[in-house]
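Presented sequentially are two complexes of chain A, the first with chain B as partner and the second with chain C.
Presenting the complex of A and B:
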């Protein structure tokens, strides 16, 4: 019972956070210079000679002349009824716009996470196994360098090497799975150093722990010690870090999407921000931040499941 | 082990110091960076121009260092502001607890679940594209790391014997916070400062790359990489070398902050590396 209320409370706070974030983005843009009706008409007609009466009429149609809070209220009421409204710019439903782009962004995030997890955990394990040997030193040096390389630079260098010199991948644009390989490799590489580090440190700390000595005295084989005990102990920090990586990918892959010309959520959102397409901004930011808070919540729940100590701390207060 | 770490600190620190001097005097050493000479355009790297020249004939080596100077300066200022705000907010919210602390946690969650690029775009729509809105954006995200670290440190410290002692002899709350708690906490926060300058420099380059932040014709690494990207098929040195310069500085800042952390024996590394 107590467990259920704790989780329910968390979920409510998560939704409130997402609402607040989307409202903040909307308010910032509302007060920034430029009238949405004018910006949109400018984009449609491609330039000058707009008559004020036309702009006014268009603002009336869109409902952008109603003021900050009434507009938000309109959106909120619709949102509660599962309707995110339609985009000012394209006239299509916001949910549709989001869905077709989210597929790209999501597959990019998933591929990136898989690459960084496989690389990070396996290199971290090997690095711990060969502690202070050549492999370990080499990996650690690589990590230090990798953590400090700007990802957009790495993306361009990869593009130069693999697309232009070796001609292994398509240049840019949406060619399905093939065009996702290079960007996800770049981001996976950028994300794996942190994982290597915590895997390595986690294993080394646990190897010296007294309980491992006990297990050894008990006669448990090395692989059983490792699989059943050490790996379980470090899985917690790995899960937390992977979630954090995914969270940072949700808003942070915009640069990479841009370089590789991928039709992701970020690219579209930026174009909408530039013309103040409020329904799109509110809807996209709300869904994106909701994803972030829910992912964080899931990672917390996973850590309760994995670590009895945290479970005690939270539920028995 | 200890000695080895000291060696890392001294060697890394020395190289970083030399490179910082190089950057500080880049105006004198590489003053010729902005000279436009189209006869010299897009020269490949040579003895005369170690990094080659750009389409306007400007020397890329000097432009890289001049750009690095700007990034480091901006990064330093941004982090200094973040440092001050973060330490103050973190210690106050941890020391008083209650509703203040709850408000801080909520604010933290809001900022952390804000898609970072979206916030940056909104800010630059509001304040206009340029260095100022970039600095505001960097500060909005940056202070949080200091505040979180300070908060966790102060929470552990606030019931320590010497604090209770200070309270018993009647020190005022502000004296306890700023004279007793903050000096104890700062020791842990300083290595983070070095690390975060590295992050800020990368952030500045990223934002300028996207067109927010430093504007042309100023020399800036991110801008140079963006301009170089157009010539990816023909003149790769235009983006390869500026990026390398950036990477070298940021690696050194990382190494030094790592060594500082070990030196000060801070075990709370999870907190820092998670940023």
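Presenting the complex of A and C:
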């Protein structure tokens, strides 16, 4: 019972956080220079010979002349009734725009997570196994370099090597699964450094823990000690790290989708920001920040399930 | 009678950043079947390392020399796999610091059952019954509930008794307990001592009990060995050790017991990296002579079963 109310409370906080974030994003754009009606008309007509009266009329139709708070109120009332409004630019419902792009973004996120997890955990394990040997030192050096490389730079290098030189992958655009390979490799690589380090440190710390001495004294073999105990003990920090990765992926994918021209959520959001398409910005940012907060909540629930020490803390509160 | 465990000239050295730490040097010890030997001494005198050395549980930077014969089998030459067959099944080891010595994310029932399944290859269900039985024999009131608890939910004394229960699972003929009463208050200490006694009764095992608590050693042990700076400096049947102490260090330790007025020994234990010449205790010894500063004393036997390492008895 207590658990259920705690979770409910956290979900309410999650929704409030997402509302605040979407409002902040909207307000920042609202105060930045440029009138949405003018920007949209310029995009439609090519930008020559716009008359002020037309712009004004269009602003009236869109409702962008109403001021910060009344516009937000409009959006909020609709949102409560499960309606995210329609895009200024395309005239289609925001929810529809999100849905058709979501699959691409989700596949990208899943592939990225799988790549960074497989690479991160396995390299971390090997690095711990060959501690201070060549492999470990080499991996640690690569990690340090990899951590300081921005993903957009890596994306351009990958494009040059794999698309232009080796001609292994399509340059950009949507060609199904094939076009997801390069972007997910770029983002997977960016995310795996942290995981390698966390896994390596976790294993090494646990190997020296007192409880492992007890396990050795019991007569448990090295592989059994690792499989049955150490893995479980390090899984906690890995789960936290993976969640962090997925969260940063939501932001990172905006840039990567743009570079690779993927028809994903992030790419669409960038284009909407350029013309100040407020309903899209509010709706997309709301959904994305809600995802982030809920992911964190899930990660906390997983640690709660994995670690009795965290359960104790919750009970004590 | 043949002894169950014989240590001959056992030394353990750690290769640390600051130099070679000679934690144990030249220890000879014979333990008969069913005999409980206490190993006492100050913190940092090498007693825990000696306990770990027997089962090669020392960290990887430790080097052990000498011979450790258990039941006629030389342990120092065994491979890690062969030693795994000895650990827990033939020689149990109860680690110090129970709050860190259990897997924090596995409930204690599963940890006890893990030992039972490892030694007896029985089903999980049978192991559960057996674990309950063992916990009950250690006077846990509600074994079933205790088994569902995680280490973090148990008190220090309970965790220590769980450690004892785990060590009992293999019914080993020999047991090493490292500081089983450390950091426990009087009442809980009584319970842990009671558990250890039940363990010894249940398995009829011999044992090496490492402690700095002389009073506890006198209760539970048959013989007591006193360690100083990695060496055994005196060994005697327990009562004789208290009534006829020979080594000046032992005099000091007995005088420092609470009931004897807590008079502390002057000075600090010597560094195990830079061992002093001659007798290792001479810097703190009030009987120190020129001879003590130069000649390292060897073990002498002033009376039957009572050995001491001191130039005064040469």
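Here is the rule we use: the second predicted complex is superposed on the first by the 316 of 317 C-alpha atoms of A that agree within 3 Å, B and C clash if a C-alpha of one lies under 4 Å from a C-alpha of the other, contacts with A are read in each partner's own complex, and residues count from 1 in each chain.
By definition in this document, contacts are C-beta pairs under 8 Å (C-beta built on N, C-alpha and C of every residue); 3 or more make two chains touch, one makes a residue touch a chain.
Here the structure is a predicted model, which means the values were calculated and not measured.
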Determine, for the superposed arrangement built on chain A, whether chain B and chain C clash or fit. fit
First, second, both or neither for A:214, with chain B first and chain C second: second
Look at A:68 in the shared chain and tell me whether it touches chain B only, chain C only, both, or neither; answer first, second, both or neither. neither
Of the two partners chain B and chain C, more of chain A gets touched by chain B
Based on the superposed arrangement, let me know which partner A:233 touches: chain B (first), chain C (second), both, or neither? second
Between chain B and chain C, whom does A:157 touch in the aligned arrangement: first, second, both, or neither? first
May I ask you to decide whether A:309 touches chain B, chain C, both, or neither, giving the answer as first, second, both or neither? second
Quick note, chain A centre (C-alpha) to chain B and to chain C: the enclosed angle in degrees to the nearest 10 is 80
Classify the contacts of A:77 with the two partner chains as first (chain B alone), second (chain C alone), both, or neither. neither
Does chain B (first) or chain C (second) touch A:293, or do both, or does neither? first
Just chain B (first), just chain C (second), both, or neither: which does A:301 touch? neither
Gap in Å between nearest CA atoms once chain C and chain B share a frame through chain A: 7
Help me check something: in the complex, which residues belonging to chain A touch chain C? 208-211, 213-222, 228-229, 232-233, 236, 306-309, 311-312
Contacts from chain A onto chain B in the complex sit at residues 13, 17-18, 20-21, 24-25, 28-29, 31-32, 34, 144-145, 147-153, 156-157, 159-160, 164, 194, 197-198, 201, 237, 240-241, 244, 247-248, 250-252, 254-255, 258-259, 266, 269-270, 273-274, 276, 285, 288-289, 292-293, 296
With touch defined as at the start, can you tell me which chain B residues reach chain A in the complex? 106, 109-110, 112-119, 121-123, 125-126, 198, 202, 205-206, 209-210, 222, 225, 228-229, 232-233, 236, 239-240, 243, 246-247, 250-251, 253-255, 258, 269-270, 273-274
Any idea which chain C residues touch chain A in the complex? 52, 55, 57, 59, 80-81, 84-89, 92-95, 97, 100-107, 114-115, 118-119, 150-153, 163, 166, 170
